[in-house]
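Below, each structure is written out as structure tokens.
The following pair of complexes shares a single chain, chain A, combined with chain B in the former and chain C in the latter.
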Partner chain A sequence: MAIVIDKSQRWRVVAAHVFLICLCALVIFPLLMVVSISLRPGNFASGSLIPTTISLEHWRFALGLPVTNADGRVILPDLPVLRWLWNSVKVATLSATTAVLLSTTAAYAFARMKFAGKKASLVGLMLMQMFPTILALIAIHSIFSRLGHTFPAFGIDSPWALVLAYSGGIALHIWTIKGFYETIPSEIEEAATVDGATPWQAFWRVLLPMALPIIMVIFLLAFIGAVNEYPVASILLRSQDQLTMAAGMKQFLYQQKYLWGDFAAAAILSGLPIAVVFILVQRWMISGLTAGANKG
Partner chain B sequence: MPMPPVLKRLLPPILMVLLGLAGLYVVTVVYATGETLLAGVMLVTLVCFVWIYTSKKTYAYRYLFPGIGAALIFVVFPMLYTIRIGFTNYSSTNLLTFKRATQYLLEETYRADGATYNSELHADGSRWRIRLEDADSGAAFVTEPLALGAEGTHLTLKAQPATGPLPGDEMPLKDLIDRQPFLKGITVVMPDGGQVRMTGLREFAPSRPQYTRNPDGSLTNNQDHSVIRPNHKTGFYETADGDQVTPGFQVDIGWKNYVQIFTDTSLREPLWRIFIWTIVFSTLTVVFCTTLGMVLAVLLSWENLRFRGMYRLLLFLPYAVPGFISILVFKGLFNNNFGEINLVLNGLFGIKPTWFSDPFLAKTMILIVNTWLGFPYMMVVCMGLIKAIPQDLYEASAVAGAGPITNFFRITMPLILKPLTPLLISSFAFNFNNFVLINLLTGGLPDFLNTSTPAGTTDILVSYTYRMAFQDSGQKFGLGAAISTVVFLMVAVISLIQIRSTRIAEDTKR
Partner chain C sequence: MADLQFKALRKSFGDIEILHGIDLGITDGEFVVFVGPSGCGKSTLLRCIAGLEEITSGELYIGGHQVNEVPPSKRGIAMVFQSYALYPHMTVAENMAFGLKLAGRPKQEITEAVQRAAQILQIEPLLDRRPKALSGGQRQRVAIGRAIVRKPGVFLFDEPLSNLDAGLRVQMRVELARLHKDLATTMVYVTHDQVEAMTLADRIVVINEGRIEQVGTPLELYRRPSNRFVAGFIGSPKMNFLPCTLVAATEALATVRLEDGTQVTAQVDARGQAEGAALTLAIRPERLLAETASGEGTARTSVIVSEHLGDTVFLYVHAPGGQGQLTVKALPETPLRTGDETHLRFPAKHCHLFGPDGRACTRLI
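Let's turn to the complex of A and B:
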């Protein structure tokens, strides 16, 4: 650390604090605003950041409970937020499980085995990751609508179509897990092999239990990725009841039907858990990745 | 319970054979439905599966097969298929395959001359009878009982003169409407040999197929005896005068979509402007996010500053909130009339910018939102890179009497810019295709005037193809896929530059 301390340092510290506080305020403003809006009565009401009257109508709407209007009418929420949330959780759980199954096994081969085309396939996986799925949306739509003619369970409007479509995006996960496997000394598995374990048993009984932390991280990352995914979900899911949160949320903010308050409640309901999980995993993942990088 | 050793040894091969046979059966069934491509993909997958899990030589591939297979089928195959679609006329007017379009035309019927019957459905146990009454003479007929089935089944029933009113209840109108698709497949043969079909909810009349297929593949119109022939260049059945009969079918049209992209002025004009905006948008986003992120990283790495952990957590928040939520939050906050941002601006300066209807303001808004979304990532990355800079450099510069500004421009920035370059390029590539932001925030609006297909001033290339394929301009899948292919090539070039710069960054590290 620099030992020479400048005279103007105190002023610089104050200036830095002022700048950072202003910026934090700008960053936090939209998030706090959403909380405030979700508690205000009415969908068009404006007011200060701290609402003067607190109303839970938007939260009731988001949870699918009947809402009593200002003029005494009882209205039932027409956007099935909880249903969307459940769809999101369902699709995300299934596709995260698939991602873990597919990537742990493939990464094992990449980390421990010799086979033809190993380097090429690793590079190929990396290249694949660079091409965004969005460019293939038309083909994905066409493939799944044709698949649906033969197997309706995997067609448009089916959660399984989404799980299948997401199952290909595992290149980064394979790389991450491979890096982690390489930090585990292969002597441990070799010892198991000497004791008569098949490669599969060495993988399943010895390596995998040791890789549990990275598997958890990959699971959560794939889970968050699937919950947040919007483009593919928006073309593969059409009917109101099948939508995921990401595909359905924009319906709150149509020009003709502007449900600002209800949107805010639903946004917190679905966004808060994901944000918390993400902050936790992010830290975990950075330590996992740097641990993987130390060796190579 | 432990298995006997013989069983244990024989079980895998037996299971394999059973799986293989089951797979073959499914493939055959799929092939029989006419989905040749799907059946082909399934067959290749099945063959690879059986080979890899039976051969000793392919042991490593047993672990790779599921993951790599999924990546090939659901990532690589859609990309190739996109390129393929770019060479076809696949669109809302040419949605069906040739086979299905022909089938559709052959199922068309027209109403022929002859008596019309009023119809009623009456229950007969769990089955139903149709009662037909001649609209003119009042003569009544009754069919044999029928069981209700699924849409698309074809049934022929015989009718007998009625001996009296039918005992069972009549089918309610609601059920009748639900069952109409099935009922339309029924042909009733009258005692005089005439055939009638359902032409209205409560009406049966003689109806004949509109077209008959000729041996040479052309169709003869039974009503006016004209002949229509399939034209595999345009993707339509055409009359002798060249009039097109809908529905069309998918055909290869070669480079036509590409020629259209590069020569059709009504398409080229907006496309060019969208391309420019895509470049401007991704460049400015990267510049803004990196500048802000780097400055913050330098500040947060400054050890004399307190509360750094708290600042870091707060500034990281935008990255943790799901994108679809924060983008929609901004959409609401920027709303012209009741958005909170305009309320604040109105209160402070008395202005109410029209964020969504003015092209320039809309673009400004997009950049503000994207900077908000993107700077935390750059901040975290830069903080990591700054940590790696040796401290003695700063000590030396302090001895030389350099201030923080000099330090930043002479030491920090030059040293982190090189390892940062690959990330900047990948961030550029990401924003080049940042569909979610554009689609959720503005949807590409406001639109250009005077364009043949709707195109927005804030559209980037991918959101433009999305609109072309799935929104307002009639499902132009073929054209959209052709544009996607062009974007593919651009992304490939960007990736190439990125790989090159990564290599340079790694070389200098060594």
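Let's turn to the complex of A and C:
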């Protein structure tokens, strides 16, 4: 930065920094609070941010390890938290993969092909997705309950049902990817067509590699969405073993007892797969993949 | 190796017709340039040949086969796009090999073809690079290389040099001419730059508003433009046009009167025009003479601006007796400067005459 700066600028910089630091604190505080709660003995939501004594009982509980109670009794955790975590990862990976497969291909059709009713279907997709899922909960439940009669794999209490339900929510992804495709000059695919590529080859071998960053973004969004999703998971899954983390964690909180400590530990655990996926995909989220295709 | 035949080819986008019936034959090994102002349909015509646009009606033959319904990959063509359209995620070698790979050719053959093309275009040291790491001129070569490896019957170029700077454009122009000589393949080249058209083409096809205005060798078009559009389009700076009325027409000469009353003779056969008809006299800037003293058949006017370019001087002068201006390409020794009075001489053998419908009267030289 070699631009000459006015002296009054310094105060503005200081003010901006103060504001940004406050904002960061505001964002980080709840996370620190959750970490603190998970490390505190007992199940209390309030208390000081830095725990006076550190206890790993909630983490042992969340990880399925035996916990020694205050009165010396050893109890085994009654909730399969790790199992839920695995279910979440499984469902999220599968549904994110399906979402990417469906939305990249659908977006290709919308971005590049000519067909009747294109505009109407695009707007239709958008409109339908604007209604919250909760409105459709009853419908979703009865659809999958009926579906289960014919295809038990897709019935109530099956993770596949959840994957299928989540895969339907791709309207926004289609719009996003379509927008990205449209920034890629279609001449590159035309060149591939002249080179002898079928539409599928032009899509798969030329367009898709250039669209990698947006595909990764969509995968991540779909993954996070599936891990965090509660309403649909809570009505489609019933048995303890099939629950996802989001649906299962409700069981820490019941009328008589709020297990805040265990809840906090499990919440942090459920954030782990998202963090891992983010670290894995972020190296693909690079800009400039299309650089060099054109005159530049 | 392939020739091209267009028969009443039409192309519409929705209700708008872009090409209004193109009839044209291109012989095998010929370098044909489609030239015309932007939006005239020349690129659309090229895309129709490539198969990137469907033909609305009419017929297109490549190598004797009708290809209206044949997909691009099976037409035996290769295309170089204006924007190069390289595959950014592949190396130069992969870019050039892509077509052959899709065709399922053996690895050995692909490597050889890529090597040969790289040699022709002198891009061997770049084979492992990505397009991102290439300069504009190098990208252009890779795009041409990608076309060469497929050994097409017809090369299609869509304004391939328009993204290069002036110096590089001249260099690539020379290389394209050399390439055509070496490969002796049919080439169809689209440009709006008439210098490229003049220098590269065996034959030029001038297109305007979806119609062919004239087809001919560069010199034919330069010397005998068949209408006013072609006359104005070919040649730089643009040809001068002056309104005039026909005084007399004989077998060998036509005499016209300019707006200021000057009588000018032209070696054209204007007998088809009525006496007193409003015609257009045209003369190229390099043939129009600006003299300091008046003489027989000269028109008096004044210099608006003179531009000295070192080897030539462009004099912009008022059109005698009328609106507008004329351009004179003069020798550097001319004493005329901005604001000077001058007398224009119109040598008879360099004058063109165009009828009220824009059609040229036959020149007699």
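Basically, the second predicted complex is superposed on the first by the 234 of 296 C-alpha atoms of A that agree within 3 Å, B and C clash if a C-alpha of one lies under 4 Å from a C-alpha of the other, contacts with A are read in each partner's own complex, and residues count from 1 in each chain.
Quick note on the criterion: a contact is a pair of C-beta atoms (placed from the backbone, for glycine too) under 8 Å apart; a residue touches a chain by one contact, two chains touch by 3 or more.
Bear in mind the structure is a predicted one, so any value in this text is a computation, not a measurement.
Peer 1: Can you tell me whether chain B or chain C touches more residues on chain A?
Peer 2: Comparing chain B with chain C, the partner touching more chain A residues is B.
Peer 1: One more residue to check, A:197. First (chain B), second (chain C), both or neither?
Peer 2: A:197: touches chain C, not chain B.
Peer 1: Looking at A:61, would you say it contacts chain B, chain C, both, or neither? Reply first, second, both or neither.
Peer 2: Neither partner.
Peer 1: Same chain A residues contacting chain B and chain C, which ones?
Peer 2: Touching chain B and chain C on chain A: no residues.
Peer 1: Considering the complex alone, what residue numbers of chain A touch chain B?
Peer 2: Interface residues on chain A, with respect to chain B: 1-4, 6, 9, 12-13, 16-17, 19-20, 23-24, 26-28, 30-31, 33-34, 37, 44, 46, 98, 101-103, 105-106, 108-110, 113-115, 121, 125, 127-128, 130-143, 146-147, 149-150, 164-171, 174, 199, 203, 224, 227-228, 230-231, 234-235, 245-246, 249-250, 252-253, 258, 260, 263-264, 267, 270-271, 274-276, 278-279, 282.
Peer 1: Touching residues of chain C toward chain A in the complex: what are they?
Peer 2: 50-52, 71-73, 77-79, 81-89, 98-99, 102-103, 130-134, 136, 139, 146, 150, 163
Peer 1: Which residues of chain B touch chain A in the complex?
Peer 2: Chain B reaches chain A through residues 30, 33, 35, 37-38, 59-61, 63-64, 66-68, 70-79, 81-82, 84-85, 90, 296, 299, 302-305, 307, 311, 313-326, 328-333, 335, 338, 340, 343, 372, 391, 394-395, 398-399, 403-404, 426, 429-430, 433, 435-436, 439-440, 462, 465-466, 469-470, 477, 480-481, 484, 487-488, 491-492, 495, 498.
Peer 1: Taking the touch rule as given, give the residues of chain A at its contact with chain C in the complex, in rising order.
Peer 2: Residues of chain A touching chain C: 185, 187-188, 190-197, 201, 205-206, 209-210, 288-296.
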